[in-house]
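These are the structures in question, set out in turn.
Common to both upcoming complexes is chain A, partnered first by chain B, then by chain C.
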Partner chain A sequence: MFVQPKREKEIKPSQERQQRNTSLQQLGPKNILPLGYKCPRWPIFSPYSFSLKTPRSTLEQSRRDSRVRQTGERRDDDAMEAPQSSLRSALVFSFIAIAYLSLLVRSATLSSPELQILNAERRIDLTSHIIRVYLTLKVENTGAAPASEIFLAFPPAQVDHLAIVKAAATFGKKKKKSYLPLDVNPTDLPDAPNGAKCFSISLVSPLKTGESVTLEVLYILSHSLEPFPIEISQSESQLVYYHDSAIILSPYHIKHQTTFIKTSSPKVESFTRVEPSDRVGTELKYGPYEDRHSYSFSPIIVHFENNNPFAVVEELVREVEISHWGSLQVTERYKLVHAGARHKGVFSRLEYQHRPQFSGVSSFKHLLATLPPKVHSVYYRDEIGNISSSHLRTNSKKSELEIEPRYPLFGGWKATFVIGYGLPLQDFLFESPDGRRYLNFSFGCPLAETVVDKLTIKVVLPEGSKNPSAVVPFAVDQRIETSFSYLDVVGRTVVVLEKENVVPEHNSPFQVYYNFNPIFMVAEPLMLASVFFFFFIACVTYLHMDISIRK
Partner chain B sequence: MAQSVKPISSPVPDAWYPTLAVFMLAIGLVVTASFFIYEATSSRRHRSLAKELITGAVASVFLGFGSLFLLLASGVYV
Partner chain C sequence: MTSEHFASFLVFIFIHVVAFAYYIKGLLSPKMFKVAVTLVASVGMVLCCAVVAVLIAMVASSPTKGWSGRSLSLLDPTYASKYIPIIASVSEHQPPTWPSYFMDINVLAFLVPAGITACFLPLSDASSFVILYIVTSVYFSGVMVRLMLVLAPAACILSGIALSEAFDVFTGSIKFQLPGISRNSQIDVRDTSSAGVVTQDDGVKTDKNEESLKERPSKKNKKKERENAEKALIKPLLEKRLLVLPLEASVISLLLLVLLGAFYVVHCVWAAAEAYSAPSIVLTSHTNNGLHVFDDFREAYAWLSHNTEVDDKVASWWDYGYQTTAMANRTVIVDNNTWNNTHIATVGTAMSSPEKAAWEIFHSLDVKYVLVVFGGLVGYPSDDINKFLWMVRIGGGVFPHIKEPDYLRDGQYRIDSQATPTMLNCLMYKLCYYRFVETDGQGFDRVRKTEIGKKHFKLTHFEEVFTTHHWMVRLYKLKPPKNRIRGKTKKSKTVCVINKASSTTSSKGSGKRNPWQ
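Right, the complex of A and B next:
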């Protein structure tokens, strides 16, 4: 478990670390590991995983205290406890043996490249309820083998809320910077302590010994600002906690690091001080810190005011219906909630409208949806009926739909609605060189600055489509369903894509490929013509039949 | 990649849908009328089944396509 600091008084972790280091020196760390082995991943030296050593050090301390009380003077350890010292040396020796064996096994299975981070700079953007962290790392290869992967570590509390991790290698300086995007995949480092989860960045060309590369990493956290107080009234402002570490958690040794935190307003109630730290207006600076071991972690809490709209869509179902006769119909069903501090007490409409700068500062009533250009037949309705408080502004690049739910949303309040619109087919449906057709559409939620907890996209392909497959730039769950619509005999195939924890950075295009023979389009008018022909046949039969009784 | 992709659109241009619907339905109804007039005016012995069936088939094709374009013109993209 990562150590959580108490909230009443400030913590001085530097003093704690000094105490722990002195106890380590008493045990004799030089005897535990073979000399000359520099291990970036051995957890014993990290300051927080001291559980291995505390029982023994406290046992020694209590024994020493009892002796001081009895004799009144300090005695040498070895002279007084001969039988216990032999037991202790046997334990130390077995420890050395196990450590050496495990080192041999590890070096036999993989020649681990020794990497270290020369300079790390982290900028945390807390202005919105979606937290964006920009990490600039300068990684150097100090080992013997070339490295093709660089690992990033995250504490387990943050991994559940990680929406996206992107990495790019930068070349050049200042004006001439060029970015090369790199693949990031979640991996499992077996010796990561206390459940830290790791991601590996695959480099395009392996990093040779002595070389260094500069990486820029962006990762986005959702639902990580904890409102405190949990319930506020209409006239109060919203304050939130942000939990993180002053020292960047990394599997590598970091020589020099700084962390900048940007809050949304200059009103910061409190923040944990880890020297050297400073605060100017909306920016907090932790650092610079020198020479921190791998997996070092120093928990901090920042308590500040954030009145940004905490708009969270709990569930979004987007249905895209393709019709080869010329239109794309999109229907979106939203379940919107305000995920900030819950509202308590009464809602006074008079106070809300009379003094907007003091009342309901953390609530929101407008939402902006960005739709593709050339959109037509836009509707916005809910269970009751049409909602008329909306505005549509179109131009040649995009269309903006500004919607207002029937009531302003305060903490914990929900709203459910449906937005639908039509789009011309030729902007989105294309033919690929190998003869397959594909739909090029954008994934993600059109609402600006919202987090979607569960997003489902259903692409309804016309009747007669075969071999559907989806190509999405990130991991999604895919499945196929069948749905029935106008003039359907066998049903239409539906490609269903599901993803959790979607942020606006996921608004990138995806493709759905399928095979379609154009002759199937004639099936629909022929079906209608056959119905009319059946009617004519019935007329002919009736007129040819002779049902008179008398001959 | 961008040069070789070509957008797919409807085989019949969108703007023609209402015009096509009206004309096809009109022709279909005229042929239906001629079918029923033939049925009413000819006597039972001089009726030719082939003529009836052909008139019926032509009328049903025009009426079928006309009703399809009517559905498309009114916004039900089937």
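Right, the complex of A and C next:
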């Protein structure tokens, strides 16, 4: 059985693979192809978790292969196995070399505008469970034709967890740097190997031959820290794996590149060495690497301690109800889960209360929700009533609601709750020049540093509103529903926006436009008044009528 | 159906028969009526005899003559504690204390005797009914706290009578002595005031009339008139007697009575807000820096509902059955409406057994989690340790191997170092005080005001899975059964090793803190 290494260890490629292979038996579905395995469809690039995409037979065979070659391989007899592994790594490198060559030939024939990246710097921020990657690229056009698009490539394992990709072109020198946001769209490159997905950045003005441009790219990954061990007890701290490549995956030739990885704590159990690589405190440095060909990939694993709250909202339904009488009522239903390493065995309140620095370090208790200013009638409750542990701080800029779930959340524990509040309408509802009204409200989850797996926003428009349309700065699923509330006759139009994998960077405003005739505002009061009126009229007529048969 | 309902049923049937007979009499001619009476009477007698015979046979077959435990315990207050501990265990079935009378009916407690005397002064049918009503309800409320509800309306009626008599006397004497008012206006005032009194009396009387058997309206009116006439006759007589009361005294007493009423209203509002409306599930305490909320019950129930499997079963004492079902949405073993005494006794037995036996009982019931309520850390008195003696009694009533004296030291229930070993080794003690000593180093129980008897112990068959913020609710999980190992005698050493290995892998952290220490 694989024993957790206590000291920090350098993992050579061979050892690392061995580690992965042993962990493979534990992790079950997480299957890993051997690095240099010759596979006809995927020449080099073999990312980690694509058990879903790998045909079963190849996988089986690969596993059998590796087992045949690694007979008797055990963690215990490390020394005995060393010469064998060095032999194998030599074999692997030769495969890689062959694959590189073949790829070089292909890429040369396919990409029409000849671009190359002069300098690439990547900073990966692993401090929370939301991974932010800042990429600075200096792209030069070396081909003959001007290029209007620049492509970014991501391994399929990352694409599934990619929440947002933003790009901006930078101008000017250090002091007067200005950023121009650019459009990013997912595309398919025919020559992308191994199911790598591409995003194209559309430049404002095409890049002419010999010119260069500096791009700043931010992309965010959620659910990409894999806890290992999967289950921890209360006294242990949480260790996670981060999988990536030491070399930036790119459809272009990269001349010079460096990767910095910032971990949340200086406790790094292990990390893959790809020379030159180095670690100082909480920062890992891979590179500089010179002259790497397009689609180069060198898998790395960083195994480190991350005790930040892994707060994931599995499902969030935000209901925004507009009343033209002057208020906006927001109801948010949360299904919260701690997505880190699962809690195992006992939960001792004693340990939790008396030794907070050693016990339950990966658990969390507080959540901070940032609400708009001038919020009123805030409530925080669940199915069984009000939850009494919350604090609201309001000022003119924003309101902060600090909430505590009923119990501290350990790995795998869940909680559901509802937050509701009212807002003044004039801050959020405006009239556009063409006479339509629009709601301007913030998308995303008000809770700080949380990932929302599935976010549903329901904008309930007042009864009688017509032609609703939503304007959201990113792709969402939209549909129209009808809901009924008190005294509704035709029902209220509900604009439903759905998005998966939402991170705090999605908290940007969106608009819902609709036509509304103010006469509908008085429909319901009129209805009530007329009902009472007719009732009294009926009473009066009844009292004044003589309907007896006998006179 | 039990025997205590027969009286009311029979009266109900009898009234209807009589009413029906009168109705028929009105319809038929006298001759026809006689024929009908003989016909119906002969057939009816036979039917009645048959029904009565069946009823008597049914009643006679039961050992308590068809009387239910509850009504028997009303007639004989010691009955429940002798034979049905489960009825006696409910706190609202206990006899009330004097403070609880004062708390619940407050001023009325002093006005009721005055009301009774007032009822005796002119003893009429109505007032004798009221006297009977108050006497029986006082007796019932003396047997059980919950029957204070029966006492409340009777006490209200009687103190109303007392107050009205007192007002009558005081205002009468004031009016008589006041020199400034002319004769004319005096009459007016007296008329209106007496009319007020009369209508008030009528109100009371109509109530009573309705409560006593529903009399015919014509009769009622007649009676009222008669009473009014009586009142009018008595009035001058009374006024003459009232002359003795001096003016100042009556004015002051009137004011005092009004003040008394005002204070009673204040008390009622306070009692309704604090005593009757306070939820028993969210507890609050007032501290120097504001209100402190103890929301432990809902914390535990929310944890159960979110972090356990949907079909897991939770065992707890039956008090928490409904709460667990409603708030945690989990199946319970016994709840507040469990009629099966043996079932409750099974849980009581498990709680009062040592760990292994308890584990076997719970395992046979397919229980996954055990919930106990423990108030020792924050001083919450109605916790499971204080209820524990009833679990022993109820369990012992069905399973004789649980004996109450085993848990008592010289007839005293205690959990300190003087407690009996049976007590210190039972499941309830262990689940409540597991690792409690490590909170303050001594294990001082704030409810029992004593240090606990057994401080350091481990659990072998249960593991702690959740404890709420103030330790008021503690949840334990049954450990999975160990694998059976065959051939114990032959390879005792290997068995031992395997056993150890399996226990460490299957249940890590079951109180084993540091193997190197």
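List of remarks:
Simple rule for what comes next: the second predicted complex is superposed on the first by the 437 of 551 C-alpha atoms of A that agree within 3 Å, B and C clash if a C-alpha of one lies under 4 Å from a C-alpha of the other, contacts with A are read in each partner's own complex, and residues count from 1 in each chain.
Just so we're on the same page, a contact is a pair of C-beta atoms (placed from the backbone, for glycine too) under 8 Å apart; a residue touches a chain by one contact, two chains touch by 3 or more.
Just so it is clear, the structure is predicted and the values come from calculations on it, not from any experiment.
For chain A, the partner with contacts to more residues, out of chain B and chain C, is B.
Of the two partner chains, neither chain B nor chain C is touched by A:P473.
When the shared chain is aligned, no partner comes close enough to touch A:P276: not chain B, not chain C. Of the two partner chains placed around the shared chain by superposition, neither chain B nor chain C is touched by A:G195. In the superposed model, A:P356 lies in contact with neither chain B nor chain C. Looking at the shared chain after the overlay, A:P266 reaches neither chain B nor chain C.
Contact with neither chain B nor chain C is seen for A:P373 once the two complexes are overlaid on the shared chain. Looking at the shared chain after the overlay, A:S323 reaches chain B, while chain C stays out of its contact range. Across the interface of their complex, chain B is touched by residues 321, 323-327, 329, 377, 424-427, 429-433, 437, 485-487, 518, 521, 524-533, 535-537, 539-540, 543-544 of chain A.
For chain B in complex with chain A, the residues that touch the partner chain are 4-12, 14, 28, 35-36, 39, 47, 49, 52-53, 56-57, 59-61, 63-65, 67-68, 71-72, 75-78. Looking at the complex, you find that chain C touches chain A at residues 282, 293, 295, 298-299, 301-303, 305-307, 326-327, 435, 438-439, 463-469, 471, 507-510.
Within the complex formed with chain C, the chain A residues making contact are 233-234, 344-350, 354, 382-385, 387-389, 406-407, 412-416.
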